[in-house]
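By written order: A, B, C and D. Residues from 1 in each chain.
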Amino acid sequence: MGEIKNIAVLTSGGDSPGMNAGIRAVVRAGIYHGLNMFGVKRGYDGLVNGDIIPMDAKSVANIIQRGGTILKTARSDEFRTYEGRKKAYENIKKLGIDALVVIGGDGTFTGASKFIEEFDIPIIGLPGTIDNDLAGTDFTIGYDTAINTVVDAVDKIRDTAESHDRLFVIEVMGRDSGLIALRSGISTGAEAVLIPELEVDYNAIMKRLDSTRKNKSSRIIIVAEGDDEGGLVVADKIKENFPHYDVRVSILGHIQRGGKPSCMDRVLASRLGVAAVEGLIAGRRGEMAGLIHGEVNFTPFSKAIKHIDKVNTNLTRIVEILSL
Amino acid sequence: MGEIKNIAVLTSGGDSPGMNAGIRAVVRAGIYHGLNMFGVKRGYDGLVNGDIIPMDAKSVANIIQRGGTILKTARSDEFRTYEGRKKAYENIKKLGIDALVVIGGDGTFTGASKFIEEFDIPIIGLPGTIDNDLAGTDFTIGYDTAINTVVDAVDKIRDTAESHDRLFVIEVMGRDSGLIALRSGISTGAEAVLIPELEVDYNAIMKRLDSTRKNKSSRIIIVAEGDDEGGLVVADKIKENFPHYDVRVSILGHIQRGGKPSCMDRVLASRLGVAAVEGLIAGRRGEMAGLIHGEVNFTPFSKAIKHIDKVNTNLTRIVEILSL
Amino acid sequence: MGEIKNIAVLTSGGDSPGMNAGIRAVVRAGIYHGLNMFGVKRGYDGLVNGDIIPMDAKSVANIIQRGGTILKTARSDEFRTYEGRKKAYENIKKLGIDALVVIGGDGTFTGASKFIEEFDIPIIGLPGTIDNDLAGTDFTIGYDTAINTVVDAVDKIRDTAESHDRLFVIEVMGRDSGLIALRSGISTGAEAVLIPELEVDYNAIMKRLDSTRKNKSSRIIIVAEGDDEGGLVVADKIKENFPHYDVRVSILGHIQRGGKPSCMDRVLASRLGVAAVEGLIAGRRGEMAGLIHGEVNFTPFSKAIKHIDKVNTNLTRIVEILSL
Amino acid sequence: MGEIKNIAVLTSGGDSPGMNAGIRAVVRAGIYHGLNMFGVKRGYDGLVNGDIIPMDAKSVANIIQRGGTILKTARSDEFRTYEGRKKAYENIKKLGIDALVVIGGDGTFTGASKFIEEFDIPIIGLPGTIDNDLAGTDFTIGYDTAINTVVDAVDKIRDTAESHDRLFVIEVMGRDSGLIALRSGISTGAEAVLIPELEVDYNAIMKRLDSTRKNKSSRIIIVAEGDDEGGLVVADKIKENFPHYDVRVSILGHIQRGGKPSCMDRVLASRLGVAAVEGLIAGRRGEMAGLIHGEVNFTPFSKAIKHIDKVNTNLTRIVEILSL
């Protein structure tokens, strides 16, 4: 493998706030180190179809504060086939691209691993997903913004819950991971948090709701979408058990992906974007750049891929103690 | 009817941001004019059950910026009966309360009208509802905040829609009125706005979606909840007609009621709260205080009650022209 | 003057949130009516220097939510000279531009008036300034966003003022007009508001501060920058009179111009942008499009130019009554 | 020292967002463990003057989302004297208070150390300061919110800087530490960040401003208030060297302390509040509870007190690389 001169960056999977900060960091770090930089549109789909554009320092000006991804993102069925990946390889070779930085989650890195295996392309990944469900980094890019968006929404619902003495069941994102639910639950003083990693103990919930009646007029129960039950089912069960409660359901949905990235997500994406480029220059490949204990770290894709932490019982305890 | 010395204020119906600013203004204007002020908990329910507390200037300090209502709000079946209203009357007489200020919407004023008719209590109303569907005021307290909340949410969804080239159908509040939908639709560059006041012309929508394909990658369709079709039905129809679109639905729900009131809602509530008290002192009753063309105005409850404006065709034209 | 086929739009003077929504509306309304549209960079400076670009519907996509102005703005000394204006005229004639829409304030319309007088160019203006100091419109584009930004900042300062029992003097924008100060003062429960239109009565302020001591621990005094005294002077006088107060000063400064436009500013800019183009087509010129009592209105530049309303004593009364 | 039954909590020093979440966590964790809880008003001043109130679970309901501190904070000259501390000791003994949780920064812990030394009171500290300048915790309570407030303000100023092609010098908090400046600088794409820990190299700054002229129209320079030079001096130097720049200065000031705490600050305060109480129960004293690498940790006051990290050169490098 020779010296790296031309790097392309792409975003893939669900968009997350801070992806633009990551793109900007990759492009500018590359230029800083004298490389030529490219952007691939719509993830692996643009790789397969050759939708690749040169990027200079100005092309990423004034995007650090924007949600979404200026390079767009998409699923690519073609890239899942060998033929698709072969087309992708030919496209990047045609442009002289030596290496890739891919920003995304689990699926993104799986695709990258296949691509490396077959065509020996140096690739470094950045963890870009709101779910914070990857090993090899304490936080993923977008997670901090997403939990702040959830907290802001739940604060608003708390206003109306307080005014009406209502119980709200609020469903938040997190198909396989309850981290968004847990942190936003602690932050909004939720009376209970239901997550996919733990079985729901309705008796305990009902008991707590009952025992704390004198302290509270409104109640918030946060449910991760991946929980077996789902927000609507949970609400029904509560209504059954507590017919006197005025129960409402709110499914936060897609607002959780958008919005201006938080300071933390911008710094994280900026640091990892620089690290990815410098890692490639230093000969790294097939790894995800992450931040562990405040320091940049590289983890092989095989180990970063979808890692569900054992649920953080420190956090579940906090919910229980503080929702008196 | 003698001189007014003691006034009670209550909030009723769905909560809206700015109700607290209204409560504060009523209480402080009363004290400024040398009156004794009271607060009723949970709307007419607190009136029936005698849940009434004295309020001084300090009791409303530092609430102008808070969503919801510190007095809480509730529906009261009892107040709908003559017996309930009689109990309410006896409660306020016991405390020497001469007059009421009621903050709410349509239903609130209907109840107030009955109460005046039977017990001759001076009452002035303030328009507190996010729907902006009352005659006698250009804007209701809470409307401006609610449309800003909607715009903020749709901006976030636009980020993700842009990143994925998706079409989002977003359902906003407005059971009988499309005003939230219309203004937020204009503000977010929505490609179409569906409101209860107008029949949906799917052909026109489909044509517009088609004709503007080259200019836009993402699409937003705003649907008022009161529209015949509802967000989910609209989404299904679009999928049928445009199978190639990646269509998603988002129902914004209860976040639209909460949050810090906007500057406009705080000023509106403050002005109307003062006007209500000074109106009572001046002998007014059975009227709603509103703001028309920047000036305080009083409208009899019978005329303020639920008035659906003919849809503002100036605004529907703007949607059509600007969603090129 | 023949039929209008080509219109250019520019922004001039201090930037205000909603200018981009105005540009978008002008460009799209023109295209909707079959015209060719152009954008001028950096206000009259770009006119003088021929920095003019064609604009299509896509060029204004996804800008409605952004603060500032994508066309930029600047002062142009050259345009104040006849030679400068002549160059400007030649530039637009070269491109076949028949008419202009100028978005700005007082100075912008003065320049436009001169230009019309000398070269008979049809021009319509939009009121784009945070100061709300123009006749011919109830609100200027940017004012609503600016007062919300001020309110948000003062709410934050109130948190810290409350925590420390401090008195804050906060200086807000408004060189000739106290409107930003007045509305934000009412909205944040300020104990006093000092504006250029009214002489400061320190005795009254001191008396109020004294008489309300038992109700309040923190105090906020809002000062418009155009007030004779200025925030720092006001703070010194208070310290002199109330040596026991812990007095702090905060000058909000440039944050007041930026940020995402509010829903109201976006709707206002959208409506007026469409009106400007349709006004030009209908033969109007030398007028500012404004919104009076909810309806579009046109006012000759000579009457729109810098009009300071007699101070709204309705609003000053509200400050006095509510700051008990 | 016997078993702990009664704990009092206080906030001291400059207020920081998240202090209320900390108070709530301390009070509820205490009640959860069967203790009696008290709150001290205005920091050590309330201890000296016996301004101490009992707190139950309800007294801390609905405060997790509020900026400032409901217990207020103040400087206490009296507590710096032995006599003052003796009065404080007598006050808490009178109420049977066995232990304290103090939330604040450097000065707060110095006072606590003295108090322990002389009167052998078990005290645990929580790091409550926006400056993030304490050893023994990766982040202090309030820091994350403060940097997000700064980023939001700078984003707004960037809008206006872009529109006018201006250079803004923005002064942010940080008397002894450049951490707020550094992270907010990276997050807002600042062209330079000046911090007290590093000498200013004007030549380098000027060179960078010059070399990047073609990529950028606006410039942001972030200056920590503790920097030798200060925002105004820096601005003057730049004007001298670059007379063609339109230079403006903005001093963000007190808005940086207020506002709703971020999710991260709420979770941090919640975890540490629980840890403080459980630490006291377990026999700990004279230590600050902090979070290091995601885990709760205790550091003796003597080591936590004002520790200025060697400047994080990882972060200064990022500013340089990305501000192309």
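Basically, a residue touches a chain if its C-beta (ideal position, glycine included) is under 8 Å from a C-beta of that chain, and two chains touch if they have at least 3 such contacts.
This is a predicted model, so every value here is computed, not measured.
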Going by the average position of its CA atoms, which chain sits the greatest distance from chain C?
-> A
Inter-centroid spacing, chain B versus chain A (mean Cα positions, whole Å) | 36
CA centre of chain B versus CA centre of chain D: separation in Å?
-> 39
Dist(centroid_CA(chain B), centroid_CA(chain C)) in Å evaluates to 28
Provide the list of chain B residues touching at least two other chains, using ranges where the numbers run on.
-> 155, 158, 162
Arrangement of touching chains [line / ring / star / complete / other] | ring
Here the pairs of chains that touch are A-B, A-D, B-C, C-D
Within the complex, chain B is touched by chain C residues 21, 24-25, 28-29, 31-32, 56-58, 61-62, 64-65, 138, 144, 147-148, 150-151, 155, 158, 162, 183-184, 186-189, 212, 214-216, 260, 262-264, 266-267, 270-271, 274, 293-296, 314-315, 317-318, 321-322, 324
Could you please specify the touching residues of chain B with respect to chain A in the complex?
-> 11, 14-15, 17, 19, 42, 66-69, 72-74, 149, 153, 155-160, 162-165, 168, 217, 248, 250-255, 257-259
